[in-house]
Amino acid sequence: MISGKFFAAGSDRRIFVAIVLLVAAAIVVPVLNVAVPAGSAFHVPPYMVALVGKYLCYALLALSLDLVWGYCGILSLGHGAFFALGGYAMGMYLMRQIGSRGVYGNPDLPDFMVFLNWKELPWFWYGFDQFWFAALMVMLVPGLLALVFGWFAFRSRVTGVYLSIITQAMTYALLLAFFRNDMGFGGNNGLTDFKDILGFNVQANATRSALFAASAIALALGVFVTWLIVSSKFGKLLIAVRNAESRTRFLGWRAENVKLFAFTVSAVMAGIAGALYVPQVGIINPGEFDPGNSIEVVVWTAVGGRGTIVGPIIGALLVNAGKSWFTGALPELWLFALGGLFVAVTLFLPKGIVGLWDQWRDARAQRQVSVAAEAGTDIDPTPPKIGRAQSGAPTGEWAKPSGGPEPQPAE
Amino acid sequence: MILPALRCPPLILSLSKGHKSAVFAFLSFFLSLLVVFTSPASADEAALRAIIAKFAAAQNFKATEAVVQELAATSDPAVERPLAALAEGDLYFRKSDSAVFIGKEAGQAIKLADPLTSAEAGEEPKAAVTKIKVNNALRRSIRDALGGLTLGSPDANARIAAADTMFKTPVAANVEALDAAIAKETIGSVKLKLEQARASSVLVSDLPEDEKLAAIDVIAGIGSRDALSLLTGYETGAEGALKDAASAAVASMNSTLALWASAQNVWYGLSLGSVLLLAAIGLAITFGVMGVINMAHGEMVMLGAYTTFIVQNIIRTSFPGLFDWSLAIALPLAFLVSGAVGLAIERGIIRFLYGRPLETLLATWGVSLILQQAVRSIFGPTNREVGNPSWMSGAFDIGELSVTWNRLWILAFSLAVFFLLLFVMKRTSWGLQMRAVTANRRMASSMGIRTPWVDALTFALGSGIAGIAGVALSQIDNVSPNLGQGYIIDSFMVVVFGGVGNLWGTLVGAFSLGVLNKFLEPYAGAVLGKILVLVLIILFIQKRPRGLFALKGRAVEA
Amino acid sequence: MRGTFSTFGKFLFASAVAAGLGLATPALAQEETIKVGVLHSLSGTMAISETTLKDTMLFLIEEQNKKGGLLGKKLEAVVVDPASDWPLFAEKARELIAVDKVSAVFGCWTSVSRKSVLPVFEELNSVLFYPVQYEGEESQRNVFYTGAAPNQQAIPAVDYLMNEEGVERWVLAGTDYVYPQTTNKILQAYLESKGVAKEDIMINYTPFGHSDWQTIVTDIKNFGSAGKKTAVVSTINGDANVPFYKELGNQGIKAEDIPVVAFSVGEEELAGLDTAPLVGHLTAWNYFQSVDTPENTAFIDAWRAFTKNDKRVTNDPMEAHVIGFNMWVKAVEKAGTTDPDAVIDSIIGVSVPNLTGDLSSMMPNHHITKPVLIGEIQADGQMETVWETSGLVVGDEWSDYLPDSKDLIADWRAPLSCGNFNVATGKCGGKGIN
């Protein structure tokens, strides 16, 4: 009863809850892992810490996509590229930290360069032995790529599916480029065999817990920043661009600048997610650029409910937990389950899990309103919420009359 | 030329070092003597059989090679049969008596035949015979040996083949034989080949310099890669005027070949373009015309390829004679299979998602995962063998341009599919309805067009076209559950590059991307070439945000 | 606030808890078995090669159980699907060791998947058997390499071509990833040490799954027309081979003219191909299905009975798993426990029969001894051995032909216990400073 009221009060509350939960997890989980003895029922095994830490990075990636897709209508099929670039920047730092502990004992060159007969460190590896530099690059490289790419694309008014396809081309081109051993990023094997981060052993339990906490905090920050953006005046502009780009433009706004800002911020967030991901999984390789991975990110966002901030987080956690479970429990059949899930979600949950929740809540609120028409409370049956508007189909050449929440046949 | 001995009974085989009873050996010896008496040519034959019998004792390739040389040295055309069989790996000896036979596999047994006469000699289980092993070096020396032997063959093609072999492996001793053959030759084209072969042999002989210079001219006139190879090899060892002549010839051949190389690039580009066109053309319908981001498009192609596999499998087991027709039979079936699956997807899923184009991406991505895994469960994860019918195997030359039949057919086929589709779209009432629904759904509906059915059939058409593309692609690529994945991104690039909703755009897009890719590949390498093409597409879309041939009209601007 | 936690919070926690419970359930199964992890991709791009190895492991475990299991207990296979996704390999490896508590893991195919799981095996101290030929340059305490090192495959193949076929000009064609790159580096150094000029070696790399081979095949043809006998050494990865060979066949490149020797093409790959135009092209492996020994015949029969498919082929990585599994069984029996440390100690020196009629032994560098066979592809998709080494070859983890690794050796026996001991400096840990 009480909780219902809380939610009826608006989705800002939901953001707050998510942030509190994440911060709590950042404190509680490491404590339960490190301080509680292994036999205890409250002990969180290191295995779970690593796993959920990884999911949190995925969640941040999904959140970054939500900012551009859910709020700005840009369906990026190349967000994995920003994630991977952030990951590579972190990976390069971790590689340099190995120092002379590599198998060949070369103090400067990573192992893969030694056995491919590289004589000296390529210029783009300079500086990555310093954490601050790597951390800067984690944000700068994806941000810069997004800025340049977006500047070209949005200025030329590449929209809708064309934009989706060229973002896919971008990540595909990067995939092929990073596959090349001549690029100096370790080719297909990528960067691996990390020893320590900021002087702490990456395999140690405490480090893992700290990374988990860092991921949870980063995600909480991501939620906060996204919320700040979308609930500001600028956020309204984002939604305006999403719903009617031409109209916004005719009203005198520079739609391309709005998009560019969102796209760049989103890319930086994705880069941070990648940087936190790499030390936790212990490898970064070109597979992360795979266009299929980027599509999966879209799927997480859709499952959770796009344009809702918490939706993508829930989606990323759920789908990945499902994947982890299915690949172990039903190794031969899990693709059926996963594929079926995608189809079912798009058909029956067009607004994702959070959308379903909203619908249920709205129906309840409406009942309550009709029962006791309290003065002073917001009795608008469809309160203005951050959730995507009813006419949520992004603009594109097929922006036909929108489908409602229920599956409906074509006209 | 055919020896009377060909009709001899296989009994003679007991001349080989067997462990037959003495009586039997005597009897057969007597019989063979009889044969010797009756037919003068068979004096050689007995000797031949004695040599052939040595194959059974040859422990290694060197020993086998020695036997081959010995056989070749007899210069008897009759050795062609056993030598050819040896090269094919069809020569066996029986473990019990070391008798040598030509064998053909027939189920679990080997059908044996006499090595000289190929008269049938019964069957033996596989375990009772041993195959005489060959390797590449042996095959080469057999080929060279046969080259010399078939120079006098009554079959013109055999003489050409012999001349070609001798051309590639010049031996000074061949000059005489070739001179004799040239003198006898009546057919012009064969004579030319023989003269070329003679020229190459002259180069390695100790004939006078002017004769060699003439030979260099002859070889330079051929202009082929083989000729270049020969002259380059010769150049390094030559001296004086000969070296100069050879160098000059090599240089001029190289420049001609460079021209051919760019022609070759254009052809390869067109061929790659035709593959892209085939892969993309179904998508041009489902994505271009209907606006469904069909991530399961690749799987429709895969289903077509698997249909071909099933058809070929049935043909192989039940109607082997029809194998050359397998693709023709597979085409309509693949269209139906993929079309039906497409219809089911449209009716079951996509029709609920019109108006939400980006969400079709998610649903069809799910469908593609399911289809892939389904095929993997049914057919297994490994590649399946889809054979080339004989008319699609091999290559022919236009000058120095080597054109493979399967690529040529695929090019022709892709164009045929394209124009057929264009005809359906522009000249039939169904096509008219499709275009009407695309242009303005509501108005089309109010004119009495049953838009749901048009949607369903359009999607089925696009999927079916993808299916027949799968039949063609099965000829050049892996037939595995991952087949479709390899084409999906390229297909989207082609459609978007060409301009969504425009079939001509897809055609031009596919061919220009193909040619571009192939011109970049020699300079940048395969990987970098592909990256460059992708970057160029991205830049191009900035310039023309709606592709090469942008669709104009109200619906587009939305 | 509390109310919020109780309802909404469940969303977040439910996922984590569901994952935890779900993953934990297998661990609750019977305690009486010894668990063996099988870590091979069953979906994604590598499923094509790895699925067979999963079946092989199930087969071997069933056979062992028929013989009464191990240490009086039954063996139980724990199969997971890492889905050709490299970080997922690490996650699944962790799950197998930490949650399922397996005693040993048999798995991985690509080098990157092995690299991805290495830190996990090191951290949790378990045992991995890796069955595929690879580029070498590695020896890790927790990993046993039952596939071929470059000196057990590539170098003998090149020797064969040089000596038997008189090849003077070389095309090293490969997919652009670490195995071909390293192998080609080693081969290049080796060929140059044998006096082959630089301009007689052409190196070409293509992306994964490359399907349009027209240009490259033409390049090979052109390279081969320089008046010297030419051969192609192919390290082209699985999937790309079918279109490559189809193009070779169609462009009429015969094995007698330009033979291709491949290191990644086995019976499985050829099963998807009409091999008639390929007769005579070569492969180099440590096992062929066609090897005529009683062990092999018995194995093929049992395998076909197990898979209920009388046409099922066998291949080299399968044999590697057979050897690896039998070695593990023997080492566990010798140690009397499945404890990884005990097994790592006891397995060195263990010899088991391989399928080619010899005894393969586990060497102190965690590589095994193998015969090297060169085979020619036959029209029925099988290989016919045309040459083999007279004895067994010891896997050389650190190549003698790479400048930075020629001084390194690995020896995991007690006093040394080092994966990269430098014999020049007498120190463990690679080159040391400089």
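A few points about this structure:
Each chain gets a letter, A, B and C, in the order it is written, and its residues are counted from 1.
Keep in mind that, in the parts below, a residue touches a chain if its C-beta (ideal position, glycine included) is under 8 Å from a C-beta of that chain, and two chains touch if they have at least 3 such contacts.
In UniProt terms, the chains line up like this: A = Urea ABC transporter permease subunit UrtC; C = Urea ABC transporter substrate-binding protein.
Note that the coordinates shown come from a computational prediction; the quantities given were computed from them, not determined experimentally.
With centres computed from CA atoms alone, C is the chain lying nearest the middle of all the protein shown.
For the pairs A-C and B-C, the count of C-beta pairs in contact is higher at A-C. Distance between chain A and chain B, defined via averaged C-alpha coordinates, is recorded as 47 Å. With each centre defined as the average position of its C-alpha atoms, the distance from chain A to chain C rounds to 35 Å. Taking each chain's centre as the mean of its C-alpha atoms, chain B lies 30 Å from chain C.
Shown for chain B are the residues that touch two or more other chains, namely 372-373, 485, 527, 530. Residue positions of chain A with contacts to 2 or more other chains are 176, 179-180, 332, 335. The set of chain C residues touching two or more other chains comprises 42-43, 176, 205, 207. Within the complex formed with chain C, the chain A residues making contact are 2-3, 6-7, 13-14, 17-18, 21, 25, 45-48, 50-52, 54-55, 100-107, 111-112, 114-117, 176, 179-181, 187-190, 192-194, 203, 281-283, 285, 287-288, 310, 313-314, 317-318, 321, 324-325, 327-329, 331-332, 334-335, 353. On the side of chain B, the complex with chain C involves touching residues 61, 89, 133, 135-137, 139-140, 143, 225-226, 228-236, 264-265, 268, 271-272, 275, 372-373, 376, 380-385, 387-388, 393-395, 402, 404-407, 475-482, 485-486, 517-518, 521-522, 525-527, 530. Taken together, the chain C residues at the contact with chain B in this complex read 42-43, 45, 47-48, 51-52, 164-166, 176, 204-207, 209-212, 214-216, 218-219, 221-222, 224-228, 239, 242-243, 246-247, 249-252, 255-256, 259, 268-269, 271-274, 277, 279-280, 282, 376, 378-379, 384, 386.
Listing the residues of chain C that touch chain A in their complex gives 3-9, 11-12, 15-16, 18-20, 22-23, 25-26, 42-43, 79-83, 85-88, 90-92, 94-95, 98-99, 110-112, 115-116, 118-120, 122-123, 137-138, 176-178, 181-182, 185, 205, 207-208, 402-405, 408, 419-420, 422, 429-434. For chain A in complex with chain B, the touching residues are 75, 149, 152-153, 155-162, 164-166, 168-170, 172-173, 176-177, 179-180, 291-292, 295, 298-299, 302, 332-333, 335-336, 338-343, 345-347, 350, 393-403, 407-411.
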